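Below is one structure, written out as structure tokens; the observations come after it.
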């Protein structure tokens, strides 16, 4: 996931520094109970080591916030500028992404020192500077770190899934999810507005707010469940090419897909952050690729919502995201610029627009999304083959 | 390119049979002067041998038209049902696409007999049947064959480009293209309609005609030229990552792209159907990937039009496509279903929707498009990395 | 297969020119009944198009023989120096091997003219020159062409095997092979000589003749048969990792090998130059990789002979190769230089030694080897994974 | 590297147990000063994490020694049987080699407990059992562990080389190597014996001792040095295809080789266990592939010794390996069974013979080889492309 700042205004500076402390602490909480080895491993090119996430989010503040406050600020270690740069060509070179797991040095302890060092500098420099100089960038850095907090969980889960010992990250089993009947929520045709508005934070890809025409449709009141998805499997969904996009069918065959990622062969259990657990029939189905979401929708005689349909319907019926938020929901919208999109200025602006190709938008949020991080206009995005995110779907019907 | 029939009405049946003869003849004209070897070769997985194109377009009539007229119709060779099926899971198995070039049998002469056999059957059966039973399907088959006629040229050019002898397909050099100044054509904001309307033929992906909201914009009166694109190269366009989509930059580096496909290292010549020729500075730049088109537009301080912008602007200013038609023009629109899209019923319907993933729409038409085949609502589509098509770009500016 | 000349003396010059005509004619006979398409196709990187074989063998005379006789000799087409060079860095650049199948130009007819042109020049210049200047090189060219004659058949068979139509190259079915009981032929321990001796032709890799010490052993009187090999399959030979070399077992799993190449799933038929035919139980098993030959031998409680064992045992018992010659027989000897090996001088000398890595020696000859081409000291060689050659095995037991 | 026991007799049992404690302790010494992260990482498929080496060598005793002494012996953790099996199909399944670096659990601390647990059991059970039941297997386990001790260093060096921070494993710089003039040591032609003899330990691949005929030759008194190899580079050695094996030249081009692995671009420094250090001109050149060793030898007008030449020459001139032992020396011998080779019985016997394909023998030993581990008959082996071992070469000349 990539991201960039909005033009939105800053919150009160003292509150923001408290929030800084809180968000930074949350990242550390995520690695509690994990070994240095757990934080070192990179199980595929698309994932990153937890240690790298901890370093990169720190690098972000060191690179984009501190120089604005103190031009003479000395980096903790000059070599980290390269090691922890993700993809920002505008600020220098970077270590190749698939090789992040090879960086045994700096070790976890050193990265923790790096974090503490940068945290102290941020707090010291912000406290003595005009918030107008740093509030927006600091907020962006926090939003950025929260995105990585979710990635830390998805990447750790993937790494653990590669271990035949099937380690559990956390021991508390999730509560039972009740059966919630589905109903269809109608939205009438009309010119609508989507995209971010108001003073709150938003990434640049949520802007500008703009008009879209929508024909009448109705959207499901909740995501598709495990039980519903299992019916698709049992009906031969993974064996019928007519249900699939051409690229999806190729992937099904090449990789032998027969069920969502992390499901056991009995279709009754799944591996997750709590280890191997029985599937809850009424919980949202999770760890689907776009291809699977799309095939399921076709099988169900429905479709995936466009991101405009999703945003408008949720705004009308669920503005608090109460019914969303368990899984990211694939939309049928390819990730693209909104009309009039302008990347942020400077190096920061490099980093949202350049990913607007080959990906689909997901909306909502997941159980792994930090509380308060999501919003109705939030645009998450991944390639259609991605399954290691907490991704599911919700149906739509055109009228 | 894939395609499917419209629900449009049939033209007069006698005229249609004359058109059948004409279109079928055009395919044969395309291979005049070529050797059996030239028609055999497959130079990459995305391309097909010309002999295969000749067989597949015939298979289309044999599979979708003849059975509707004579349930007892016997295939020319039962094995061809498999060999010449492209990707229609609904009608049986198919030979793997990347291995089409290995089919030395049937030889070219046999494929010619196959064509003659099916042509005779079509003409005989149509002449004695109610056009209501065949006119629509026959028209679809002809549109399908015309699409393949362009592909025959793009695939042949690719194959010839792999030969150090640089063979020329045709000897007549193209006429000099005059310098046409560019001007910007403004379109005001408003609710617009796009998509096919009326009785004429259209593929199902052009339907239904539907509303879109467009903010004000202006579009260039002609495509970008070779001279303009050369300025981008000379300005270091292929060396600046900030101009490129992330996936595009990766491709530039992995494949060492430094100029459009088929250009010589001097940036003054290009290989084409007439062999190696001097580049005409005022001709539209051609054989660009989407990535290159997008990077050029960013460098030029402009953008690529969405397909809705393109269609509306051309409808207003150029309804006869007079200024288009030299190169297919990449749009910024990912290839997706129109709201309310319904694939055609039956096996035929399998084949447009399933490609709506991972591709971008191109509009207009090229010098290799058969006359009369294009229209304003036509949606061509290819992956963003494709360069072997006759693909260029036109700029747009939001206002 | 690669090759280089011996230092052996020339045969009588008039006889040699007659032989030249005969060998060259044999290559043309091999393509009789084949279409230009059949001669164009390259079905894998290790194989070459028949047309390319016809051109390359001609290039060999044009490059190594004609310049020695007429320094002013003009090439038929200067571009062929590049197109038909196989791997001789010493004489210039070469077209990439895996792309040979893309060369639709020159077409087959032009290659035939090329052959006729070079043939005439060879005959004219040799007739008027001292044989000391050309006899050895001419003989080398003929031996080279004979090697390619066998490759033409193996490569064609592979190409035809990729076609679901299963074309037959020749129609006359092979005669029934009688059941020949196996007996073991003992060779006592001692210092032996192997390698070429005498005036006849040999490639440089057969030289120098040299001493080897051999412990006592006994070698089978005939190759392993289809029926014997089938018993290995039915005993689970392809499912037991303990029978296989580590690299062989990896290949079995990666490629799903369950039987020799070209066998049908019923283990009762095989595809060959006569199309799909019933397997003859008493014919030598054929189209085995080294891995399969080695696993079979282990399963049978025996081994593969070293090339020294093979050569010595055959010299004692079968000097006329009467019991050999149906299939090339894998030996356990990695292809390496004989002690004191000296590559031939000049460009010709580049080409045997450089392949002495990653390959195993095969001995004997096959039904596809041109009559008179083999000898006891002949060293054929292929990588251990190669299966498209006419390759089988013969057992040995140490005593 | 793979290995198997000899049929050699056991040393005195009490001394053997003391040696057990010593060898096991050495493995722990190797990871002193390394972090859990350093021990976790796997930088390529051919290398293994240090933690895995520590576990696997323990698994070897637990799998092959303890069950022979106590049939009821319970494994430390049943899952380790799978995790730490390298390639022994005969004793069960195994974790895929390229995925060893993903096993963050068990963590390093647990693996240390595993070692202590197995060590205690070995010492307890051996002390109370007849050495005839365990001495040979225990010795094999120790030899096996010593092999892995060298691999721990080569694998760590490779991992560190992937880190732009260029960490140093040890800080003490190596002593300066003096210039030792090369002389040639002659060996006369004759029947010789090679292979292991006597009571000491040997792996099964060193047996049986057997006769070979050798023509006269002379071998260099020391390996090729950095300065000598640099002359090859400066003479264009990496740019002249005529110096290379065909497979080697392909690798040079595909991977852009221009110097030995770990050398800096200035050809004056190299990365090693002491970090980046100036190259010592008179130290043996190291980290060469077989291809490079072979090309150098050809350039130098000499050759690589066969393993028989090497063993015989060293036995005559250097029986104490005084002049060897700095780098493993590539021989020209493909790794193959000695005449009469019999793999050890049982599961242990699976593991030497099956690697006798696609590899070359190296002789001698390196600075990373544990003292006392090498011997004249020792056969190390790696694929010709391997460069991460401490591998160099010594020249030979045939007379």
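Labels for the chains are A, B, C and D, by order of writing; each one numbers its residues from 1.
Please note the rule applied: a contact is a pair of C-beta atoms (placed from the backbone, for glycine too) under 8 Å apart; a residue touches a chain by one contact, two chains touch by 3 or more.
This structure is a prediction, so every number in the text was calculated from the model and none was measured.
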item	value
Labels of chains that are neighbours to subunit B and to subunit C	none
From subunit D, the most remote chain by mean C-alpha position	B
Counterpart interface for A-B, drawn from A-D, B-C or C-D and sharing over half of its contact pairs	C-D
Chain centre separation in whole Å, for subunit D relative to subunit B (CA means)	58
Whole-Å gap between the CA centroids of subunit A and subunit D	46
Rounded Å distance, subunit C centre to subunit D centre (Cα mean)	37
Shared interface positions of subunit A, touching two or more other chains	none
Arrangement of touching chains [line / ring / star / complete / other]	ring
Residues of subunit A defined as touching subunit D within the complex	35-41, 43, 51, 79, 82-83, 95, 99, 101-109, 159-160, 162-165, 167
Subunit B contact footprint on subunit A (complex, rising order)	87, 89-90, 191, 210-213, 215, 241-242, 244-249, 290-291, 294, 332-334, 336-337, 339-340, 350, 354-358, 384, 398
